[in-house]
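Once you've had a glance at the structure underneath, I'll fire off some questions.
Per-chain residue numbering starts at 1, and chain names A, B, C, D and E are given in the order in which the chains are listed.
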Amino acid sequence: MFYAVLEGLRRFKIPHSFKFVSIITLYARWIREGRLKVDPSWNKEGLKVTVQDPCKLVRQGLGDQVAEDLRFVIKAVVGEENFVDVYPNMSNNYCCGGGGGSIQAGFREKRMRFGRYKFEQVAKTGADIVVTPCHNCHTQLIDLGTYYKGKFKAVHLWNLITKALVR
Amino acid sequence: MGAGSVLVVGGGIAGVQAALDLAAGGFYVHLLERGPAIGGVMAQLDKTFPTNDCSMCILSPKLVEVGRDLNINLLTLSEILEVSGEPGNFKVRIRKNPRYVDESKCIACGQCAEKCPKKVPNEFDRGLSQRKAIYLLYPQAVPLKYAIDPRHCIWLKKPGRCGFCAKVCPAGAINFEDQPQELELEVGAIILAPGFETYDPTPLENFGYRRLPYVMTAHEFERLLSASGPTRGELIRLSDGRIPRKIAWIQCVGSRDINRAKVPYCSSVCCMYALKQALIAKEHIKGPFEAAIFYMDMRTMGKGFEAYLERARREGVRLLRSRVHTILPAEEGLLLHYVDEKGNLKDESFDMVVLSVGLKPHPTLPSLSQVLSAPQDEFGFLETRLLENRPGVFVCGVGAGPKDIPETVVEASAAAARVENLLAEARHTETREKTYPPERFVFPEAPRIGVFICHCGINIASVVDVEAVTTFARELPDVVYAGHNLFTCAQDTINRIVATIKERQLNRVVIAACTPRTHEPLFQETLRAAGLNPFLFEMANIRDQDSWVHPDDPERATQKAKELVLMAVNRVRLKRPVPLATIKVRRAALVVGGGLSGMQAALSLANQGFEVALVEKSQELGGFARRLFREVYGKPLKVLAEELAAKVASHPRIDVRLGVTISNVEGSVGNFRTTLSDGNVIEHGVVIIATGARPYLPQGRFAFGYGEDKRVKTLLEIDELLERKDPLLKELRQAVFIQCVGSRNEEHPYCSRVCCTHTMEQIIKLKEINPELEIFVLYRDIRTFGKKEILYQKARELGAVFIRYTPERMPQVETKEGLKVLVFDEILKRDLVFEPNLLILANGIVPDAASRELAQFYKCATTSEGFMLEAHLKLRPVDFATEGVFMAGLCHYPKFAEESLSQALAAAARAATVLAKEDLPAESLVAQVDPRRCTACGQCVALCPYHAPSLEEVRPFGLVSVINPSLCKGCGNCAAACRCGAIQVKNLEEEPVLAAVEGSFGRIWY
Amino acid sequence: MLTEKIREIAKKLLEEGKIEAFLCYEGTSHPFRNRAVLVKSPEEVKKLLWPSFGVINLATPLQKLKGQKAGILATGCVSRAIVVLIQEGQLKREDLFVVGVPCPGMLDPSKVRDKAPEIIDVIDDLKDEVLIVTPEDKIKFSREELLRNNCQECRHPVPPLYDLLLDFSGREKSPDPYRRVQEIEDLTLEERWQWFEREVLRRCFRCYACRQACPLCYCPTCFVDDSRPQWVGKTRDLIDTALYHLVRAYHLAGRCVDCGSCEAACPMDIPLRLLTKKLEKEALLAFSFEAGLDPEAPLLFTSFDENDPEDFMLTSELKASGKI
Amino acid sequence: MAEMAPLLITPETRPKLREIFEKELSFVNLDLCLTCGMCASGCPASGIDGLDPRKFLRLIMFGADEKILSSQWIWVCTLCDRCRYVCPMNINIARMVYRIRGMVPKEKRPPNLQRSCELQKKTNSTGIPNEDFVWVVNDVLEEARQEPGWEDLKAPIDKKGAEYYLNQNAKEPTVEPEEMVHLWKILHVVGIDWTYSSKWWDGANYCLFTGDPEDWEYTLRKQVETIEELGCKYYINTE
Amino acid sequence: MSWEPRIIAFLCNWCSYAGADLAGVSRLRYPPTIRIVRVPCSSRVSPAMILDALKSGADGVLVSGCHPGDCHYLTGNLFARRRFFMLKKLLEFVGLEPERVQFAWVSASEGDVFAKVVSELTEKIKLLGPNTRFRKILGGKI
């Protein structure tokens, strides 16, 4: 978890010489610098894509800036017209219910109930794909999809990037 | 030079009130305003609480007064560059920015704005509407002059291009070469009234402002309601034009929020304006309408505010004690997801959400404080101690901290008093007398009546067919002019009336508009300015008594308006010119009550050079302040009171009378004769009533064991323990406070305003002495308004736990075996039982029983609760309705010692506006006796409470009744009682009344 | 006996110069008419007599003797009229010498007139019998029957104000002073209006004799003669006549001493007194006020009391019914 | 829920939890709560087990410590901090939940969660041996290189001096190894010098949620040591 | 068109007129049957004004002033109370319907009371029907 390292370094005052950065930030930088060329034309049927802002990465992590980068990358990868946003989002997003060890804690029924807002919000966009740049969100969104019979698929961002990769 | 003039910075209600009081007090005022017109935020309001008066209606007479006062130099579009010198002799460099319109030529006809192609967002309407690059701030602006906005004018950006306005202007007033001017003012003192800015909620994106449609700030909503607003007062959603049938208000947006908004104080006014907007919105919408307010504490602690809250509840406004995390988009509206007081999750959709935004220091405040080296406090407002920021520089209004309009007006007058104290000797040294054109001798002329009918925005025109009434009036005999205007009280219309009177040689004027009680003086001034005797005038009230009360019957309301106009015409035709009477002012004041307020008022007046008699019924000065141990302006109140008492006792111009009450009063403003209980008689021109109030003694339903168990005490008793550092306080383990003891119930339906803050101060002191002490506070609404919110936060920080109770489920106290306090906690849905070693009752303040009797001596009234009834709750909070009688302190309403001191100064300033004059206008429409018909039966002499009539030998008629014009008040009692018809009241004889009655049947009276 | 007492006292007063003139009654050629007379010398005293038909209230001519020290014969109502005039500044107490008579009541000429076609004399024993002498014979009537209405309903036969009271036993206070008023009050609203229209409005032809006779109507310009504004029409229109009588009666509220001059003066015998008697009754019940008893007391309309009745008001009625 | 018996609050009922939050973690501002309900209205866990953030604080205020420590709610809350995002008094409920979780004895905590933290302290959250991780990576790499154009795809492990260090969530190597290839391809195209590490490579760290700061610190320090050893300039946290 | 009663109301400037204004400010509704004449005090209203209003065709006359004790001129309304009492008794005695001439106390803060007074008075007079008895019709009946 992004937050585990970010907050850990701060709270436990662990000296370190490296700079801690999120892959999302790098995706965006690389695309902007042209080092990572992507082409959205693969998305011929115009699959509609929405996004899940992971709490630990956005609200408790790098805030709206990284959420903007996340959207920049997705639009670049699936085509701006195919992206549809959820509301509320970014630093004020709904927590999907997967974090805080709740998946491991095993209270499935309560976890599903926790995630109902997230499900309704994503379902409402009518998106076919929801990008989940965090493993807990990924698992949880899949569970919510099955539990509430949603029609969206939860994927990591790298899946879409590779589809749009230009060598 | 300069000591006799004052610089007032800021043209809002604070600056306007201070300027008017100073000008009336004999000082020349330079009123500096940033924008193109004065009026400030109050001009943007639609209605004002708690009276629901239309804001412009009560503000515009004051603005017009400023515009016309010879002793107020209005400097618009101006700002301060530099200040030097010291109190009594400041030099101020001002920059007057170019208006690009010649003020002397512009007649505000509006042609320029029509032709100007450049549309820009209108900041007066908070950007909801558009205005042109050349614009008028608002329809009733004072001065009513157009101005060009240099940031948007095409010509000014690229000279040579556009310039349509100059081509079209009939008066040739446009001047693109206008340059900023710098002027140097010499003034004796400076009053800062910088006003405020409302909080911009964009950073709180969870409220969705500017992200979701239908979310607007309360400031914008106020413009939506206003008749001069973007939709002319029609309440619709600007985005889709639909009528919002269900609106939610969200409180504390940008207040009491140390997290995202970083605003720790409470803005004091948002609860009240939300209630008002809910009530007024209901009025603007025909058909079903629902309002809900989401709040933390409903803070209605001003005078008349609690009753207003109850009225809102009665009219169906839902008050939900819960706050909303995020406003969500819904189909054609918004969805609010909230947890109600009982803890149940609720989803409710609304058509519109209004964010009750708080008050912030004005963005220009930092530069102002820098230029004037006026220190700011930790919230960014200007520092003040009893309104003084630094020697010679005073601050009033929201510039010094969040407050509502009545408090602002009090502070403005108080600041004026502080200035008058400083510059007492320079009074009248730089003021000019007002001159009127010579009065035209109209006696021989046949009546030539002019009828002016008002739209009052939509208030009249939306019901009464104003055109039809105008054409009806035009055909009446002797009516030579009939016209109608959008706002007759606006400056331009007033000037047009003056011009029409001269052009058409009118000798009588009828104005069909609102109530004469508020606007008659303004229009009479207009007649005088046109050289016409002010009494050749009659008003037809076609708004408050016609359009507003017959909205669903426009046809018969229009017919009624016609008849009201005819009645006015019949009545005015018979009116004759009456000379303006004046009475000599006795330059001395009487102050009743020697408490904090009385002493401060007396001191201020004495320092201004007026003789003062101070009457106190007890044997010592200081009153209740002696028994309070709060810190006020850095000193214990007890010490402050004793200092004031010493100053008063030793002041050469203050005659202190102890152990004396008032037994009789005669006379009126300018010369009162008050007889004291010891027989002495005091002659004075004005009187300030400062008789204070007393604490509520817990009893009946609100006893809570008081008197039965000695561990149950009131706040004041705890003050005494704290003062004595009583060892008992150290052994305490658990203490419980109960708030609203004796306030906010049927018997005392008002909030005593001070108890919540008093409780917080005591918690902090108790915790200092005994950190281990556990404190629980049972409350209904914590009302630590304004900067006092910091005390509430400190109390919580120190561990005090607050538990809310409702009147339906009062806390119970048992004193049989040990002291037990039981209360139901809504959040845990459980009863909590405490076993405190000390139960402290936050008892309220109740009016003094003698208030009503004292008020009647001066022909004043008290409110139903027993406090003194002021002339106008909002704009005349220290004046009584009776001229020359003012009030200060707790007898007006419960308030803090600081507020009492301010109100005392305000009362002194208001009294000074009378004492500063040699003579005062007296009642001109007085009774007269026709000696030929008088039989000296003496009935009139026996009737008159003012002893105006008396029987005297008058050659050649013998003994007849003669009426002393300076004593007669014009009530007409003697005229109605005189069988022989010998007595008639000027312009109020039998005939005009009968003529009016004939008019109501559509018949002319000749 | 009563006449002699009157002549005796008048003669004494004139001789002692206490008074310059004495205002009393004298007989006339008409068997049942008396008229006021002013005697200035002791010799003329023999003209004076106790007037069985003294319908004119001497207080009216008394006002013309301003400045002269005058004596006056004063029955109960005349004395009360004098008190009211003193209260209203029209007479000065020190100019008057009031010879009070415990009034036996006076006879009503209209009633006597109807008793016989031709009457040559009327003998009144001032107690209980009256003899009407006709050319044929003498008819005896009970005095009560011929008494004037106001004397039947008189509440104050004994004069409240006098310098000297003749010792004579006059009438008792009337036990039922408001009998006739009650009769009208008992009628329904409709009937009362019809009574008013029939008895007053249709018969009055606006000769204003009532106003001239009344001692308390001394206004230089009466409201009815007012021209700016002329709100009461001069015509015999019912409403104008109604306005005149109503305002005249209202102007006497708390002042009228019920001396009956108005009714006696009215050529059409209109029961004018009932209007003022009604107001007298209301003033007594509501404010326990009676006119002309004490020169120092305030008048009805120049005084008030904290708990004057206000249940007649609409707001009191609405409050009682819980509507406001 | 029916109204329970009255809660007796005498000077003796010393609320322990509240004591901790006032003394040790005073920055959480527990006492400043205005009971306005904003947190409760925004928290997805509101209403579960009849609890919501406001009620949770209230229970602490009145010392219902047992009820809290034994509730499942503290495990349902995901510490997502959405309540503090709007709280006018900036009350850090997530931090309090974290502290309370730490006070629950290890054996009473949700077993899987506690175990995955224990595993984390040994190798990684799923507990697969580090060697297996290395093996799987190379195996998948082998296979991925078959794809035309990706012959020289790399997935370096323990490459000293690499500029970027990349952590790897234990789920992929354990359950769906081929998911790792996508990122490798991307990094390959971008052409950065990166490396995994063979130990302490796991991006997930469930010790963040069990409530024992020392576990979280231990696992994190291990990671830092590994990276410092490798001398990487950047530490990339994977998706 | 159904007959609408016409009521003349003499309102004292300081209290009842202000109460009528307050009814307006509070947007209360009452029937438009009333025509208000502003007088300085209820004690200014003489019988002439009341009777003339009836004569001129008013179906009802209302005189309203301050509550006892609130009069701006101290005692005006107290004197007026006696006058109104006597006038009302006299008019009833001669057969005028008592509902037609009404007196009231309405203070400056009683906007609702004023609206109620007007509505109630209008209802009462609607029951009575037009004032035929006291109205003077030119060329009137002899």
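We adopt the following convention: a residue touches a chain if its C-beta (ideal position, glycine included) is under 8 Å from a C-beta of that chain, and two chains touch if they have at least 3 such contacts.
None of these values were measured; they are calculated from a predicted model.
Visitor: Based on which chains touch which, give the shortest step count from subunit A to subunit B.
Guide: Between subunit A and subunit B, the shortest chain-hopping route counts 1.
Visitor: If we look at subunit A and subunit D, which chains touch each of them?
Guide: Correct list: B.
Visitor: Which chains sit in contact with both members of the pair subunit A and subunit C?
Guide: A chain counts here if it touches both subunit A and subunit C, which gives B.
Visitor: Averaging the CA atoms per chain, pick out the one whose centre lands closest to the mean of every protein CA shown.
Guide: Measuring from the global C-alpha mean, the nearest chain centre belongs to B.
Visitor: Report the inter-centroid distance (CA atoms only) between subunit D and subunit E in whole Å.
Guide: Each chain reduced to its C-alpha mean, subunit D and subunit E end up 81 Å apart.
Visitor: What is the distance, in whole Å, between the centres of subunit B and subunit E, each centre taken as the mean of its C-alpha atoms?
Guide: 33
Visitor: For subunit B and subunit C, what's the span in angstrom between their mean Cα positions?
Guide: It comes to 62 Å between the two C-alpha centres.
Visitor: Distance-wise, how many Å sit between the C-alpha centres of subunit B and subunit D, to the nearest whole number?
Guide: 57
Visitor: Listing for subunit B: what residues touch at least two other chains?
Guide: In subunit B, 206, 326, 943, 977, 990, 994 touch at least two other chains.
Visitor: Among the residues of subunit D, which ones contact at least 2 other chains?
Guide: 82, 85-86
Visitor: At least two other chains touched by the same residue of subunit A: list those residues.
Guide: 92 - these are the residues of subunit A that touch more than one other chain.
Visitor: For each chain, which other chains does it touch, given as pairs?
Guide: Contacting pairs: A-B, A-D, B-C, B-D, B-E, C-E.
Visitor: Report the residues of subunit C in contact with subunit E in the complex, numbered from low to high.
Guide: 184-185, 189-196, 223, 231, 233, 236-240, 242-243, 246-247, 249-250, 253-254, 275, 278-279, 282-283, 286-287, 300-302, 304, 306, 308-310, 312-315, 318, 323-324
Visitor: Can you check the complex and tell me which residues of subunit B touch subunit C?
Guide: Residues 932-933, 935-939, 942-943, 951, 959, 977, 979-981, 990-991, 994-995 of subunit B touch subunit C in their complex.
Visitor: Subunit B touches which residues of subunit A in the complex?
Guide: Residues 87-88, 92.
Visitor: Taking the complex as given, what residues does subunit B use to touch subunit E?
Guide: Listed in rising order, the residues are 51-53, 283, 515-517, 541, 543-546, 548-553, 556-557, 559-560, 563-564, 567, 856, 859, 861, 864, 881-882, 925, 943, 945-946, 969-973, 975-977, 985, 988, 990, 993-994, 996-998, 1000-1001, 1003.
Visitor: Which residues, counting only subunit D, touch subunit A once they are in their complex?
Guide: Within the complex, subunit D contacts subunit A at residues 44-45, 48-49, 72, 75-82, 85-86, 110-113, 116, 149, 165-166, 169, 171, 179, 182-183, 185-186, 189-191, 203-210, 213, 216-217, 220-221, 223-224, 227-228, 232-239.
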